[in-house]
Structure formats: C-alpha cells, structure tokens
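Report on one structure; see the data block that follows.
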C-alpha cells in the first residue's frame, strides 16, 4: 500500500487531508511538526510526503532538505503546502527539492489529483 | 477610627472570600461548558470534514439538519474550514451556510447597533464570499467605527466584486480614512477589471487615493497603464505619490518605464524619489539604465547609492561589470555599496528575478 | 520622656501612610478593572481580527526583529531558530552580537552558514561600539543578518540594529524571549489598522519558568516550582499585563518592555534611537517618544496588545531578583528626573498630567512608603502613639486591600485568557497572591529604595560596570529544537525592565 507522510500543524487540514487520502486507499502517517515528520520518515520511509511550509520546530523546507539528503527518501515526490504563493516562496520550495506546490486554501479534489499525479510520475 | 477599620476589615474579608469563590467557580463553569461544547461539536465537525473532503457531493442535507445548539458549537470550525478550502468544496460549504440562513442573518446584522456585531456580520459575509452583500458592505465603509470599516474593506476584497472599487477608493478620502494598505490589498483582490477605475482615479485630488491606485496597479501588473503612471511620476505635486509611481513602474516591468525612471534618478531630485527610482530600475531589469545607475554609486545620500548598487546587482553581467568597475576605481572608503552588492551577488539571493528577464521557475 | 508632639506627629504619619496605601491599591484596582474591560473588548473581536488575511497579504508591513545578544551562547541557536518560524509574511532577524566573549557568534556562524558581507551601515542613529562585521545566512540572506560589534551595552546594540534594519517597523526582542508564533502578527496589527497614528506597540510579557518549551515555543503553560517565581507570576499579571493594559486604555502608556515591543523605525531614527546612558533604556525610549511627538503636537497612539505574546525568564533567586528590581527602580528614578519637565506640564497632555505624576507618586515613592510603614508602625507602638488594636487593624486593611487587588487580577485572568490550565496552579496562584502582599513586596521595597538611592547618588558610575549588568544572561538555557521538552533553566537576570 502506498504510504503518505503528512506534516501539517493545523489539525483541521490534517484531518481533512488524511480523511481524503485514506478514502482513496492510501496509508497516511501524520505529524504535527517538522521534527516529528523527519523522525517518522526515518522510521518508515514514505512513498510521498506532503509538507506544510510553516510548522513548529522545523519548517517544511528544512524537512524537505532533510528528506532529500537521506538516501531512503531522496527520490520520493515531495509536495509542499503553503498559504503564500509569491514567486520567492515557490522558488524557495523548488530550491529545497520540492516536486510540487499546493497553495492553501486548496481544493480537496485537486490535492488528491496532485498526489496521484506525483505518484504516477515516479512509477513511470 | 477603630470602628471604621473593623468594618473595613469585615468588608475586605467578605470581598476576598467572594473573589476566591468566584475564581474557582469561573474555572469550574468554564471547564464544564467547554466540555459540553466540544462534545456537542464533535459529531458535526466530523461530518463537516467528511463533507468537505468529498467536495460536498453528499451530506449537505445532514449538515442543514444539525440542531441549532450543535451547529452553534461547530460553527467556528465550519467558518475556519471556509478559509482553508477552495473550489467545489468551498462552494458546497457556502451552500450549507446559506441554507442554514447564516448569510441572511449576517446581512440583517450589518445594521445592528453594536459595532462588534456589525463587524462580525461583515466578516461572515466576506468568509461566505456573498456577492449580493457587496452593496451593504460598501455602505459599511462609511461606518462610524474604524474597526467596522476595516472588516468591511477586507470582506469586499474577499468577495472580489470589481464594482466595489470606487467605493473603496472613496473611503480613503475622509477625515478618518480607511487604512491605505488594507484598501490596496482589497483592490488587488478585485482583479484586473478594476484597472480602468484605478487609472481614472490617478487624477483624484486626494494624494492618498492616487498613491493607493498606483500601488494596486503595480501589484495587478496593469502594464497598459505604464504611460499614465510615468506621467504621474513626472508631474505629481506630492513626493509620496511620485515615489509610489516609481515603485509601480518597477513592478509593471515595461520598457516604457525606463526613461521616466532614469529621469527621476537624476541629481537634484529628492533623495527618497531617486532611491525609489533606482530600486525600480533594478526590479524592472532595465539593462539600458546601467550607466545611469552606475553614476549614482558614489552619491552622498545613503539610500540612493545603496539602491543603485543593489539594482545593478540584478541587471546581469552589465550590472556586475559596473559594480566591479566602481570597486576597482574608487578608493576603499567609497566603493562600499558596490562591494556590498557584489558580495550579495556572490551568495545568490532569494530576490525574485527581474520582471523583464522574466523566466519563471 | 517622649514629647506629646512626637506622638501626634507619628500618629498623623501613620494615618497618612494608611491613606497612601488605600489610594495606591485603589489606583491598581482602577487599572485592573479597565484592563478587564479591554480584555473583554479584545476577546469579542478575535473573530474578525483578520490575522489570517494579514499573514497572507503581500502588503503587510515588513518587520526587522532586532535581537541584541551578549554572551547568549547556550540559548542563541534555539532562540533564532524559533524566531525564523514566526507566522509573519515578511521579516528579517537582525542579531547584534555586542562583543560577546563566548561562542555566541561561532555557534550562529556554524548553524546558519553565515557569510560575511561588507555591508555599508548607515549612521542614522548614534552608536558607540564600532561595527566589526556583518554576516548573512547563505540560504536566507534576506532573512537573517548577524552583526558583530565592539561591546557597548544593550542600548548601543539596539541602535546598531536600528541602523542595519531595512524594514519600516522594528521589533526589539530579548535573545532569551520565547515568542508565541503569532506574536509579530498581534503586535504589528495596530500599525496596519491605524497606520497614520500608531507610533509604538507593546506586547505582554509572561514568565516562562515552569512552562514547557519545545523548539522555541511554549507548549505547556504551568506555574513554576518555587514560590518566589509563583509570586512573580501573580505580580506580572497584576502590574505588567493589567497595569499596562489599563494605562493603554487611558492613553497614558509610558512603558513598553524591551523584551518585546514594535516601533516605527522612522520615528526612532528621528528621536535618535535609544539613550546610551539610561538604565531603563526601553522605558526611556517610550517616554522620549511621547516627549517628542507631544512637543510637535502630532496625533499619535502608543498601544498595548493584551494578547499574550512573549515569554521571559524571571530571576529565580532573591539575590538576582533584588538586583533586577534595584536596577528597574534606578531606571524609573533616572527617567523621571531626565524628563521632569514633562511632569504636570499640560503641554504633554495625559502623559504629563496623569501618567508621569502617577509614576512619581505611586511607583517611585511606593517602596519608600512601604518601608516607612514597616518602621513607623512598630515605632508608633513602642512609644505609645498608637495602640496594638490600631496597628493590627491598620495592617489588615492596608495589606488586605492589596490582596483583594491581586485576587481581582487573578479573577480577570481566569475569565479572560486563563493560560494556566491546571487546577493546582489555580490554588497556587491564590496562595501566591497572599505571599505577594505579605512579605514579597516589603522585601523588594528595600531593593527598590536602594536603586532609587543609586540614581540619586550619581550618574557618573553608570557607564562603567552597571551597563553590562543587565545584559549578561548566564548559564545554560537549552531550548533545543530537536532535543525537546525541557523547561528552560533560569536566567540570571532578565535583561530589561521586565
């Protein structure tokens, strides 16, 4: 089964996304902050990571860099979630190694599509 | 005297006892209430999340059928959700609110006597992005209370109806104006349809209105107005407005801005304007302005020299060469700004690439 | 034999002291009730405060956060990391290393991959210590700037920070402060909502001792373990949170703590930055700002945001606490003497006519009267000027009223922000309110009188040893990001007036 690592400090969004993805047949591991997310990823490397940019203890960008630097997770798709969509933010995300970028507020349907697309891209 | 003291002691003792009891009971009551509320809200919240996650395809009727008490407990969570999703999930959720009569109640509350209730109602209407409330919200821009006006401005931005533009601008032209940055933000959210209104308002007698229009045009990327903005840069009687015009030309990024900006950069103009012009030339990516900028590197005004150096840093090889020339030519005490810019260039900063050079990620 | 007139005199003095206590506590009560109203107002407005919109807007005024650091090695990394995680759209962090002799800079350099940049620092406000070098973080050159300078004291470090700051708002923060994630949003909001008037905005300081801090964030609020700290928690509530909220309501706020306050940079540049030679440089800054703006007849506001935002370490030993209070009181005395022209001068409006006279009467003089009562009451008993019944009742009323005031503060905290979730902490707060009035205040009064005496005796000594005293925050404050849930150990001195 596909495993998703979801790091997001807003409980509503965490529940919303994990509900959506679980229904789509994906196993979701949640973390409420960046540091926990890295630990989770070390314990069991996920197939894909959804990271909020602004989180306590470690920002999503730092988590992203960390995942990229770890061999087990270096190649997985990483999608960033953020409330801001300025060009600098986008560039920073891609520079950190993100594969995609979803701006909050987002459409749940769109989010699922992006996750599936990212997974598909890797499978090919 | 002693009697008075005795009475005072008795009174104090009673009040202290009452206060202690009040503190403890406040805690008890609050905890109990919070528990009840969260129990009430638990089921509706779960329903709401599922509803939104499924793009509101099913379950709308159940949400409408939730009892008033439980809904009231869950409403803050529902409103928060509105701000977190978009697309059909958002529309479906708004629909639930409408069917529960939330929008209607809020519109009625816009005329409440309490400013807090008026502001709350305006906030709700903004959250729901209710277009039919735009007229009422525009009237609220003239509210007696500043806090209500502010919420109305933000709500109008959220709703995004371009027709509200001129009312927003008018709210700036009062003795107690609405905050300029908030209005700018709202105007930008109204989208490109407001460009005509903004451009027309560049002739407004109130300087604050003109400055806000310029900022908004820049953020909207209204390239068609560049010539008009350049005229403001040259002719406006207010320095602050001219500075805003310079910044706007930088953001618009059209070559039409280069000559007027270079003109504004000349010595003899106010330093703040020259600094803004230098910065704008860098932002615009005006490679043809390298010589003009290079001439300002030794300017005695800190801001001018600083902005000129950092503008050059963004102008590619020609800019870099100009900075290097300056470092080589000037004595160490003078080439500071150029040296600083070169050092930042070496790091490679997170500054967005110039607009003209404009290849996105 | 003691003359009858001596007895009369002592009797009258004792009654005067009593009246003073009643007035003092009544003034506290008025401020607290005003604060209660303000909290209620504030809480009713949170639903439409627009924090999210402010966070998303590209137009929200950017802030330069200035962090003076002198030998902050043990905690500096955690502090800066926590500050980089604040919820605010655009801000830079300017750490000013004021000639530290420990590894403060080395740690920063290593952690954030600092690169030296030959930055031209404008001399917009006067400084003393020379700037040695300026560094930026390689990954975020626009977000983190570290300035190394020769030691010159906290005020000088802040002034250098002001010169380096690029943004229109500046926020002064102590290096050991733990900020709530929304702290900047809360405190910068008044500038956006009332841009033409708001000149400065202060935030609430609470006591971090006892709380659990993870990754530079307070995640669990609880009462500290020692009674000395618990009493300070109650005191902070009463005096700083509610006292200042009350003054803000009255339009007479004259103190914004250096541990967390936001100012318009252009105004600070116009008044010449912080004063190098005052002990309470943060409070002096606000008084001078009032002085300057009132003199020019400008329409402005200095406000205080009731939302709790910043958590500071409080001194955990009597010795250090005493030293802190000595310094604060000396600061008050010096500021009032420096700006004495404003006192009772109608030109300075409420500041001159109400706030500053109040500070003279009820802040500066309070410890003198407090100690006076401790001496004169027994003396009156001894020479039979007053009888035992009178003395006991006197004490009960005077101190009982103080207790009532503290309890009112606790009550208001309980119905408004209620940051302490545990029932046991509630009980501890009640007991601490008693101790505060019977013992704590009296002991501190001695230190405060000593501080005022220091100000009186002369200012020549200030610039030697004293300036550094408040600025050295010693041993380990491990507030890890990774390592986790340790409460932050106590700092020696809270490096500012609260």
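Each chain carries a letter (A, B and C) given by its place in the written order, and its residues are counted from 1.
Here is the rule we use: contacts are C-beta pairs under 8 Å (C-beta built on N, C-alpha and C of every residue); 3 or more make two chains touch, one makes a residue touch a chain.
What you see is a predicted model; the values in this text were computed from it and never measured.
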Message = Report the chain whose CA-based centre is farthest from the CA-based centre of subunit A.
response = C
Ask   = With respect to inter-chain C-beta contacts, which pair, A-B or B-C, contains the greater number?
value = B-C
Message = I'd like the Å distance between the centres of subunit A and subunit C, where a centre is the mean of that chain's Cα atoms.
response = 41
Inquiry  = With centres defined as the mean C-alpha position, give me the subunit A-subunit B separation in Å.
reply    = 28
Averaged-CA centre spacing for the pair subunit C and subunit B, given as whole angstrom = 31
Inquiry  = Using the touch definition from the top, which residues of subunit B touch two or more other chains?
reply    = 83, 350-351
Note = Residues of subunit A that touch two or more other chains sit at 86
Query = Which subunit C residues sit where two or more other chains touch them?
reply = 52, 58
Query = In their complex, what parts of subunit C are in touch with subunit B?
reply = 44-45, 47-48, 50, 52-53, 57-61, 115-120, 122, 136, 138, 140-143, 192-196, 389-390, 393-394, 396-397, 400-401, 403-404, 407-408, 410-411, 414-415, 418, 423, 426, 430
Message = Quick check: in the complex, which residue numbers of subunit C touch subunit A?
response = 52, 55-56, 58, 84-85, 87, 89, 181, 214-217, 481-482
Request  = Using the touch definition up top, name the residues of subunit A that touch subunit C in the complex.
outcome  = 33, 35, 54-59, 83-84, 86
Key: Sites on subunit B touched by subunit C in the complex   = 1-2, 5-6, 8-9, 12-13, 15-16, 19-20, 22-24, 26-27, 30, 76, 79, 83, 116, 119-120, 122-123, 146-147, 150-151, 154, 157-158, 177, 179-182, 184-185, 215, 219, 302, 305-306, 336-337, 339-340, 343-344, 347, 349-351
Task = Enumerate the contact residues on subunit B facing subunit A in the complex.
result = 49-50, 52-55, 77, 80-81, 83-90, 350-353, 360-361
